[in-house]
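First, the structure itself, so that you have it in front of you.
Chains: A, B, C and D, in written order; residue numbering restarts at 1 for each.
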Amino acid sequence: MMFYFASAALIAIGIYMLMVKKNLIKMILGLSVIDSGVNLLLISIGYINGKTAPIIQPGVSPSNVVDPLPQALVLTNIVIGVSVTALALSVVIRVYKHYKTLNSSEVRDLKW
Amino acid sequence: MLEFLNPMLRPEWMISLLFIGALLTYFAGKVSSALRTTFAIIFSVFVAFLVFLSGSRDVLTYWRPSASPMGFRFVLSINALSWFFALMISMVSALTIVYSAGFGKNTEKDNAFYGLNLLLMGAMLGVVFSGDMLSFFIFWEIMTLASYLLTTLAGKRAEKGALNYMIISTAGAYSILIGMTMIYTRFGTLEFSGLASVMGGADPMFLLITLSMLGIGFAVKAALAPFYVWAPPAYSEAPDSFTPVFSGALSKLGPYGFTLFMYGIVGLPALAKMGTFRGISDFGYIIALLGSITAVIATLYAIAQDDIKKLLAYSSISQLGYVMMGIGIGTSIGVAGGLYHALNHAIFKTTLFMGAGVLIYTTGSRKLSDMGGLGTKMPITFLTMLIAIFALAGIPMTGGFGSKWLLYEAAIDKKFVLIAPLAFIASVGAFLYSFRILQSAFLGQLPERLKGAKDPSPLITIPMLFFAGLLVLFGIAPGIPLGIIASVESYLGIPALNVSTYSVYLGANFGAYNAFTVMTVITLALLVALALFFIAKKSRKVGQTDTYMAGEVPEHHVDLYLHYSMNFYRPLERIFAPYLRNRLERLYDAFGSGYELISEGIRRIYTGDVQHYVYYVMVFLAVMILAGWWWL
Amino acid sequence: MIKRLVSIIILAVVITSLFMVLSETAPFGDDETVVSHRYIYKGVDETGSANLVTAVVLNYRGFDTLGEVTVLFVAATGVGAALYTRKHPVRKNKVEASLIVKTGSKLLFPMMLLFGAYIFVHGHLTPGGGFQGGAVIATAFVFKYISDTRYSIDHVGFTKMESASGMIFAGLGIMGLLLGGYFLLNILPNGTPGELISAGILPIIYIAIGIKVGAELTGIIDRMMGVEA
Amino acid sequence: MIEVAVGFLVIAMIIFSVYAAETGDLMYAVVAVMAVSLIVSMLFYVLQAPDVAMAEAAIGAGLTTAVFVLAIKKTERYEHD
């Protein structure tokens, strides 16, 4: 339960950053926080009480490991997350070079 | 003698010849302009000749592309109906290309002009020859595009008109597409021959919807009442050597579409299932009523025009209204009248637009008030336009009399108290505005600067003389065109008109219309009038320049205020001006600005601020969640 | 201020409902799903990999991973495109790192590389794998960049390595297609689970992924370092 | 025992993330997010996901932070309203 609460709180704070903050880097930070929250949520859904990591070794029987599927998903998600963050930040750098501001409501070309 | 041409008398040959010719012409223009013009004339006249030779023999071609995804096959066919229209189109297009060769330079880009003209001719032939809806639609779109591009060739000032034309045409094309899709989903075939056997059995509601959908598209091309707003600017601003085709040939495809779908595919019995009004179907009655209303409105506008091309453009709309009236009435006389008037209109309006082109070329202006007294200087132009105007006004001795006669008979026959008077009013108006052209351009005083005007080159006058001759021929022997139309009618399953070469038998109520008798009487009357004129001659001949200026030569600035064709019908215009003020264009404008307003409102939601988008998403989520809790 | 309040209220509604729905439909610590059941019980036999996460990532969902690597590649290309400058990017650090950092980096850098390599070579046995190992290698290069103001990676070599590793991944997939009939078929014998040389092609793929991820992430860092503000 | 540790970690994580949201200095915010990432990585370990924990520690806490810091260096550090 604690984990669900923690991930929900992270998602909420991330969305709050997106909704309230006008600074572009702050917004990307918010996305990053949402990312962490969603990862935590997926992993905690896959957790099974009293079982160990999904690595079959001598002494660990298949009936005694947690769900590996969400972990594989999250592994993918983390790598995608960093690449998307880097791409977004490089676009922000470009925007800053052009407009000399990070305030999203002053960047007029975002409006069509 | 011409048997060696027989293998070429097939629709695919004619169309592909024109398409190849279009390319060849365009690229030949890069080499030399004389070569280009020769190519264009050879290709178009040759194909027109082929169409003429092919007669109304039934030719059917199937062409199934190997990768056709849904089992469509492209069908091209020549039958009585399509041959009649193809003849009209190819004649007008080919002779207009010959005519435009007479001018040194038609537009800024003459290579494109000739190429597109051939392309347009091929596409129009494709529309009438196509035997299935898919190829019909494809050729229809090629035609629209080619004519749009040709209109824009006139330069900057034509852009707005061309854009209007394109937008309304596109809307019409979508409407056709919807109708087509509905038909395909219901019957699973797009071939006319297959549809003709199943469409008659469909329920009336379905027929009404599909026919209206298709009809909107055709009505746009035919410039019928609510959709005619594109026509005056497009017709009048298009290049002078293209307008004859635009008005003479291209606009006939609207009536063609109506004829094909109402009588060729759906058929009279199925139309009658939708409900009848005095013996004709309601759908047809509405078309006829719209046609007659269009005729009157456009005539009123035409009377008020000083711009010769605009005048002729409104006149085209009104004459097409007549055609639609006849086709809508749908009796034997009505359809014959409509088709005959379509043919006549193709001929005389082409001649008039050609003449207008010559006048504009000579005087350098489109204003009637800049012309005058050209009759003695340009006798051939005067003569041909005079005959064309006789035909337009429905004066005996020309084909126009016969077709209008048939149309009136058709309306009176069914006792349409709304349509018949409207048609009469429009006819009187037609006389008024055509007289204006005659009076302003050819009679009256010759302005000083037009002293050197003379008839144009034979390349220009020969097509005009040819058409004028046709009009006179039809006036004496209406049986020639009406014989073809009678075969079209029997092909369409409408009782065919009873014609011989010189007379038309219109049924027990009306008896026969014998053109030869009419001709003789009129000629005699003319001779008597001439004799009276010479015997009782009291008038004195005066020079062209000294009627009311006290012998002074009118200067240009005097022309501006005192030209007799200024406010030609001022008293008449004063009567109906208040009714013309609420123009149909305003409705479209209001619609446009309302649409713009709504779009602007929607645009306010898309602020471009990322925060607002996040807000929208979250508010939507919250509302959905709360609603879910509430309802579930 | 009112904007914050409104957003907090909306968020409270959304997140609370999310929380409640989660605790009802998927209670914390509940049993695994049917798909996972198969992976858990058959995974070791079918793939030969002791690490079940690796088995899922590379064997059962190997095609997805190829797509993921592609996304990474596209993102790196995008960063390069967004930060493109006409001149060759030059690093300009005003502050030199301290002696301790410099010396420490010289000592630690090879070890970090070795550790990264260890992680992705042992991806099928222990926690970790190509992605984690590649990230560690990229971190090592970040460290190197921070400590040495004039250091810059060999761009040509990195590009070649990246392309080669990507081609190894795709090539192995195509080889499976040629030899066995479907893409990314495990064409090598599984061996004994738990040994270093086991699990067929999985270690090879993970090594390729490790090199590719390391090169790409380093490339991203290099791009962001090099551009003049 | 582990529940108490997890509770502390979660509380610290939420405090860090709120701080990251509210501080005007982007550098501090980035560091706070890094701390959040690190704590999430620990929670992954508690949830028996060592693979993911490793990835999150290396990528989420390490590389993401580096990328953010570099981006801030190229733009501006303080958030203006």
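Following the convention adopted for this analysis, a residue touches a chain if its C-beta (ideal position, glycine included) is under 8 Å from a C-beta of that chain, and two chains touch if they have at least 3 such contacts.
No experiment lies behind these values; they were computed from the predicted model shown.
A.B. asks: Give me the set of chains touching subunit B intersected with the set touching subunit C.
C.D. replies: A
A.B. asks: Select, from A-D and A-B, the pair of chains that is joined by more C-beta pairs in contact.
C.D. replies: A-D
A.B. asks: If you average the CA atoms of subunit A and of subunit D, how far apart do the two points sit, in angstrom?
C.D. replies: Those two chain centres are 11 Å apart.
A.B. asks: Taking each chain's centre as the mean position of its Cα atoms, how many Å separate subunit A from subunit B?
C.D. replies: 66
A.B. asks: If you average the Cα atoms of subunit C and of subunit D to get two centres, how far apart are those centres in Å?
C.D. replies: That gives a centre separation of 19 Å.
A.B. asks: Distance from the CA centroid of subunit A to that of subunit C, rounded to the nearest Å?
C.D. replies: The answer is 15 Å.
A.B. asks: Send over the residues of subunit D in touch with two or more other chains.
C.D. replies: Those would be 49-52, 55, 59, 63, 67, 70-71, 74-75.
A.B. asks: For subunit A, which residues are shared contacts with two or more other chains?
C.D. replies: Where subunit A meets two or more other chains at a single residue, that happens at 3, 5, 9, 15-16, 19-20, 22, 44, 46-47, 53-55, 65-66, 71, 75, 78-79, 82, 86, 89-90, 93.
A.B. asks: Two or more other chains touching the same residue: where does that happen in subunit C?
C.D. replies: Correct list: 7, 11, 14, 51, 53, 127, 129, 131, 135, 217, 220, 224, 227, 229.
A.B. asks: Return all touching chain pairs.
C.D. replies: Chain-chain contacts present: A-B, A-C, A-D, B-C, C-D.
A.B. asks: Can you name the residues of subunit B that touch subunit C in the complex?
C.D. replies: 615, 618-619, 621-622, 625-626, 629
A.B. asks: Using the touch rule from the top, collect the residues of subunit A that touch subunit B in their complex.
C.D. replies: 15, 18-20, 22, 27, 104-105, 108, 110-112
A.B. asks: Would you tell me which residues of subunit D are touching subunit A in their complex?
C.D. replies: 3, 6-7, 10, 13-14, 17-18, 20-21, 26, 29-30, 33, 36-37, 40, 43-44, 47-52, 55-56, 59-60, 63-64, 67-68, 70-72, 74-76, 79-81
A.B. asks: What part of subunit D is in contact with subunit C in the complex they form?
C.D. replies: Counting only subunit D, the residues touching subunit C are 49-55, 58-59, 62-63, 66-67, 70-71, 73-75.
A.B. asks: Within the complex, which stretch of subunit A touches subunit D?
C.D. replies: 2-3, 5-6, 9-10, 13-14, 16-17, 20-23, 25-26, 28-30, 32-33, 35-36, 39-40, 43-44, 46-47, 51-55, 65-66, 71, 74-75, 78-79, 81-82, 85-86, 89-90, 92-93, 96, 102-103
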